[in-house]
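The structure follows.
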Amino acid sequence: MDAEQSYQVRLEIFEGPLDLLLFLIKKKKIDIQDIPIALITREYLDYLSRKDRINLDREAEFLLMAALLIYIKSQMLLPREQLLVPEEEPRKELTDRLMDYQTIKAVVQVLREKEDEQMQVWKRSALTSPLPDEDLDLIEVSLFDLAESFFTMMKRRQGQDIKVIKGKEVTMAEKMNEIVNVLKERHYLDFLEYLGQQETLEEALIAFFCLLELIKARLVIAIQEQLFHTIKVWLRKEAHGKATHG
Amino acid sequence: MAEKLKEIIESMIFISVEPLTPEKMKEVLQDVPEQDVAQAVQDLVGAYAASEGAIRIIQTAGGYVFSTKPEFDPYVRRLLQIERKSKLSHQALETLSAIAYHQPVTLPEISAIRVCDSTYALHSLLEKKLIKIVGRKEAPGRPLLYRTTDKFLVYFGLNSLEDLPKEEELKKLMEEENA
Amino acid sequence: MAEKLKEIIESMIFISVEPLTPEKMKEVLQDVPEQDVAQAVQDLVGAYAASEGAIRIIQTAGGYVFSTKPEFDPYVRRLLQIERKSKLSHQALETLSAIAYHQPVTLPEISAIRVCDSTYALHSLLEKKLIKIVGRKEAPGRPLLYRTTDKFLVYFGLNSLEDLPKEEELKKLMEEENA
């Protein structure tokens, strides 16, 4: 690999499989209307095998495209009695998609330029007006605002309701048994979701302490995959038998 | 910079929500001598005062701010009144959403959902014909029942109430935000 | 009123929070012939464009609004203590472009165009009010339909969706890109 190529590669952060395909097509100077599928598939797979060069968050999408390319290739290898009309050509859909995506990329470029221009221009958003402006706070109301407004309101309400402690008495032992049973049935538990399902704040607190106890006793394992994300709880394998008597 | 000093100050006064004080100007125009700034401000205020235009710069609360000349007050008021009428406030929107998802519903129920007295918002929605009275509830005091109107559907571009986003759809979108 | 028409419109544009549309002007200036209003607006915009001052009137989202000239951006930012206005992410911009050219459009359609899940980008655009829900598609699952908003136009300094580059212009761009 020459120096220029590796330099180029480092610069590229592909936004998606189409972005990568367009890059390869350009690099190989291929006519988008007449894509040599075998060649492009090989190039594409080659790239995927060097995974550090694509955005790993969307690996599935890149793999899906690989599958599509292989599918098209296999379709084209099938023996046919007569030539296909252009619309039935398996490459047609790929070409259409690429063309469509190319347009979008051009639009992105135009909008980015316009955004740059507008960044330097300042308008006034707040003005001193002779009328009370309490009714002026919403510029655009969409259906989304309406629905969001409702569900946010409900969330707020739920937050208040949980403070009401109802009379139901739950012991630590009962709760612990319940948790273990749920884990046996469902294999894992979403920590926040489970706490959210508790009827009262008191019960949620008890459940919380029970989980802490179970973790301490090494009966369950709790994993947080990412900071601020929910915590998942699994039953440890060796604990299956023991926990039955919990 | 010096030859554009007047315009630089103009752009700053234009963008300030509060009257722009000489101290603030100084913060931005650090290297410019104080008397130059003062002179430019005076020129600027004078130029606007002498112009035929509708706006001028006034000195208030120790700073400078753009304002319309008093003679245009009637038009400004008329415009603001119109703008005000054509928009939904946050209060109104929240009330409307409570009605949309719970209809038919009574005022006490709406106020309970919002944990907030909704009489005023309800009236403004009735006035805008986004909701209507459809009867009375068979309950103590027989309170009036409200529903959204066809105008409500048109306003939000809905075909029917079935088209309102479902809780799951919204939840998914809102969760993305917290992710 | 006629001799002050230009100034009346100036005061209204000045005071309006959103771009002032000809329809709004008409509501206030009921008795004034439409072409007189249009002429006055043109004179006014021209006068500001020709002036040496820091502000001008721009046409966006079908209306008129005051803004600073780009050359004063550094001073405005220093005053407001803003490093840079934050730009849209590439993800968001690509999603927005797909919506702008295919609207009204559903989330699955957008994701198909981009070959990439667009839920997160969609939500951030909704939150920024650059797009809005406009109804449901008559298709299995009745997915929600999205459109760009007036705020989208203002954000990019467009007067209407017609201002978006046409197919031929884009083609030219693409050819340059591939050359």
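For reference, chains read A, B and C in written order, and residue numbers begin at 1 within each chain.
Here is the rule we go by: a residue touches a chain if its C-beta (ideal position, glycine included) is under 8 Å from a C-beta of that chain, and two chains touch if they have at least 3 such contacts.
Here the structure is a predicted model, which means the values were calculated and not measured.
Among the other chains, the CA centroid farthest from that of subunit B is the one of A. Of all chains displayed, C has the C-alpha centre closest to the centre of the whole protein C-alpha set.
For the pairs A-C and A-B, the count of C-beta pairs in contact is higher at A-C.
Centroids built from CA atoms put subunit C at 18 Å from subunit B.
With centres taken as mean Cα positions, subunit C sits 29 Å from subunit A.
Rounded to a whole number, the gap between the C-alpha centres of subunit A and subunit B is 34 angstrom. Taken residue by residue, subunit A touches two or more other chains at 122, 124, 126-127, 129, 136, 139, 142-144, whereas all remaining positions touch fewer. In subunit B, 11, 14-15, 76, 80, 83, 157-158, 165, 174, 179 are the positions where the chain touches two or more neighbouring chains simultaneously. The part of subunit A that touches subunit C in the complex is made up of residues 15-18, 26, 58, 61, 64-65, 97, 100-112, 114-115, 117-127, 129, 136, 139-140, 142-144.
Across the complex, subunit C meets subunit B through its residues 4, 7-8, 10-12, 14-18, 20, 24, 27-29, 52-55, 66, 68-69, 71-72, 75-76, 78-80, 119-120, 122-124, 126-127, 133-136, 142, 144.
Within the complex formed with subunit A, the residues of subunit C that make contact are 15, 17-18, 58, 65-70, 72-73, 76, 84-85, 87-88, 90-91, 93-94, 96-98, 100-101, 113-117, 126, 129, 132-135, 149-151, 154-158, 164-165, 167, 170, 173-174, 177-178. Of all residues in subunit A, only 122, 124, 126-131, 134-139, 141-153, 156-157, 160, 229 touch subunit B in the complex they form.
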